[in-house]
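In the two complexes that follow, chain A is the common piece, with chain B as its partner first and chain C second.
Our next item is the complex of A and B:
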């Protein structure tokens, strides 16, 4: 295809993206740096306020926890799916995909039923007499972590199944023949080979939790805000557009730093130094 | 695979964890009490009837279907030719352009929603409907570029060249040779883009206005003030929609191809 035709075909998309994604982004970010002259004041103010910092650190902490337990539960599950017979694999993949394609409001609502004051856990514990007062489970960081883990576990599993499918099972047998027990063979042989998948999955889960809106809104309440709900509150409830734009840029930069960070870790772990995402 | 009882047990528990919360929602949709309880008492379909009686649910459902449909069609109209150009001309520059086309996925949803709200609603003073349509176009486009792009990568372009040699114009060859060979990819990308647009909250939340809001945002606002089995019933209906979509994808391209 000639260069001219190719660019002609690509133009409508480029124009729309420039005009309705890049321009709007620039138009919200620009005022945070310009106040009659170049200034970083908005950012200095943001980072000096301990309330703002608490929200930023909570967001990063929760994303990190969700990613770590996501790896812990996702790796064995994906390994199992990748090595199961074909007919089972299809069923297990459908069961993983189904929650992923179900609306996040529905998935968060499910956890309100479980964790709420009159929810299933409290009802069960009260009826057995283990507790006399309902526990406060909903509107806590714990609720956000459970909800986000539930939201993103399928993403981790799906990112990993493909990786495990591509690992030749014979190398596992070779390791065992050479005297490694099954766990050692998995940890020393299979796991290092699956690092690309783990990195991709971790980036998706970490940035997903970092930017998710529905789950912290429904399960966290106003006392446990995350960056996304904080942005929404500043923009729509408080009408503080300057702060909302500062939060927006911090979210974008954090997302990019997380991707960069995971890729650096991946390059360190894997001597071939490939880029994964 | 040889027997690994511990692993099987672990995986069984993981899948129980994935399924049970949604099963509980399903069960609570049939309870007779006015407030959600589990286990339920009695059995009724009244909450499903109530879903259809609440006009804001029905109006927002129609709006959601419209927005997702038109946004996805727009994404296909722009995305299919773009994916073709990106596959046909693979240089360092087009690789960069491909990541530009995928860039809406890197920007957090709330940021996209907020930026569009500021730009379209506050500065340009366009109606909310246009804002929603553009926002959902941004959500849909990367799915089209990715899924149609991977279909095109598996296509042998020599069949197109044969058509050219036999006197077919480039446009005719694209429409009569390329498109029919990637229909399942187009269909799968339509389904994926549609469901992700339909399910989106953050972009829609910023771009809704009086009388113009998508179903998930209406449902979310409803949950914040009400706790009755109507929500469960609507959730069940939405899950049935998901099952139908998954079935359609499985029948065309196979679910494995979209993961």
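Our next item is the complex of A and C:
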């Protein structure tokens, strides 16, 4: 196939990408830099306001916490699923995936029922007499973390199950014959080999939490605003599209920086002699 | 009591079919014992029972008369070489070999000395800082061997370690394994389905079939005197015919030909067998009456140093290998002489 034909075939795709992906993005971002001339004023204003910074840091903090506990719970669960007998694996996988099939609004509502003043946890604690006043669980950062963790754990598990399944079982056995108990073999061999899966899962969970709107809206309330809810408020409630665009770009850049960070860590941890290969 | 004892080992995965049935095996210290058999005969299962990767449903596994049946893998201190080598892809060759020593909490200096010594022995010193991915199959095989040996194991277990290598490398490696094994005097169990490989390397061979050991002898005894028809077929006996016992060392076939054997056989054995290369082809009429059958050449195949003939006889199809240099044609009438001492009863 000649180069000309190749370009010809690619043209529809390129046009599509330019039109539907790049154009909307540029149309949002361009005005934030343009005010009769090139300016960074919108960004300076954003970063000078401690209220805005608090929201940005809260967003990053919550996303990181969700990612970390996602790894903590996802790794053992995925390892268990990957090593269970074949006939059980399908069932366990569908159980894992089941929550993904329901709407995220519905799933967040479930947590309102659990964490609310009259929710399951408070009712249970009050009836046992452990507390005399209901705890404030809903509309806290804790509620956002719980909701997002619940929302994105399946994503982490899915990315990891495949990774674990691809690790030769003889490698684990080899570690055991050399004197490693199950835990040591897991930590010293299986875990380092599953880093690619952990990174993929982490990026998905992190960006998912960072950009999720329903969960922080329903479980965090107005006092625990995250970037996505803040963006919505600026655009829809205040009609300030300029600020909303600024927030959007900051979210995109944050995501890219964190992904770069994850990949750097991964490259450090996962060698396997790639530099020679 | 031997160095290693397997007593009445039974293994079943589903509770119905036994993979191993009342398996007994004794291995003397310093010996290299092979488990030989076709795939599915239970040889790898036996090795995994020894390693501790499978817990038998019944029976005991003992080393130096100490019951290790319930001792977990990581406490047995056996070195194992896996068929896939199972090297750790994220560690350098040095760290792969040092893995076991590190777990034994030895000092960094000791680990370095022992690892480098072992890499020297296995000819891998130049590759210490490479990763498994950067080595050839043969080199990876050596790493697997070095990693298993450096922990100074009580037993060395090898699960078809040569099956992923090409023919030439395989012969070199089996010699090397034998040399290292003898120098270290380490008791070893070697699993293989390749009889030549197995005979060349082993002090003793256990031939397995359907979860039981059918014969446990030196390679020479098994090669010359297979106990059962299954073993005979597995190690290259191609011709089988029924014999009726007349008197000591004298038998007769269904067509009335008398056969004399070189030694007395137990009365339970009723099938005569001989390797194709042990039959003598005689064209003229000057042949002994006993131990000789006549037939017609059906197919001639050139094997290089000899011809192989498929001969139709009254005892059925007989395979003969002849290196006398005479080439018989299809349709030629020939006499097949079966020497007394080469005729085996199974």
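Simple rule for what comes next: the second predicted complex is superposed on the first by the 253 of 277 C-alpha atoms of A that agree within 3 Å, B and C clash if a C-alpha of one lies under 4 Å from a C-alpha of the other, contacts with A are read in each partner's own complex, and residues count from 1 in each chain.
The working rule: a residue touches a chain if its C-beta (ideal position, glycine included) is under 8 Å from a C-beta of that chain, and two chains touch if they have at least 3 such contacts.
These figures come from a predicted structure and were not determined experimentally.
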item	value
More chain A residues in contact [chain B versus chain C]	B
Which superposed partner A:168 touches (first chain B, second chain C, both, neither)	second
Contacts of A:238 with chain B and chain C, given as first, second, both or neither	neither
Touched partner set for A:110, first chain B, second chain C, both or neither	first
Partner chain(s) touched by A:45 [first = chain B, second = chain C, both, neither]	neither
Partner chain(s) touched by A:189 [first = chain B, second = chain C, both, neither]	second
Partner chain in contact with A:178 - chain B first, chain C second, else both or neither	second
First (chain B), second (chain C), both or neither touched by A:27	first
Chain C-contacting residues of chain A that also contact chain B	none
Residue numbers on chain C that touch chain A, as the complex places them	51, 53, 72-80, 82-84, 86-90, 92, 99-100, 103-104, 130-134, 147-148, 151, 157
Of all residues in chain B, those that touch chain A in their complex	1, 4, 7-8, 10-11, 14-15, 17-19, 21-22, 24-25, 28, 35-38, 78-79, 81-82, 84-86, 88-89, 94, 97, 100-101, 103-104, 106-112, 114-120, 123, 134, 137-138, 141, 170, 195, 198-199, 201-202, 205-206, 216, 219-220, 223-224, 227, 231-232, 235, 238-239, 242-243, 245-246, 250, 255-256, 259
For the chain A and chain C complex, residues of the former touching the latter	168, 170-171, 173-181, 184-185, 188-189, 192-193, 270-273, 276-277
Chain B contact footprint on chain A (complex, rising order)	1, 3, 5-7, 9-10, 12-14, 16-17, 20-21, 23-25, 27-28, 73, 76-77, 79-81, 83-84, 90, 92-99, 101-107, 109-114, 116, 118, 120, 123, 150, 153-154, 158, 161-162, 182, 207, 210-211, 213-214, 217-218, 228, 231-232, 235-236, 241, 244-245, 248, 251-252, 255-256
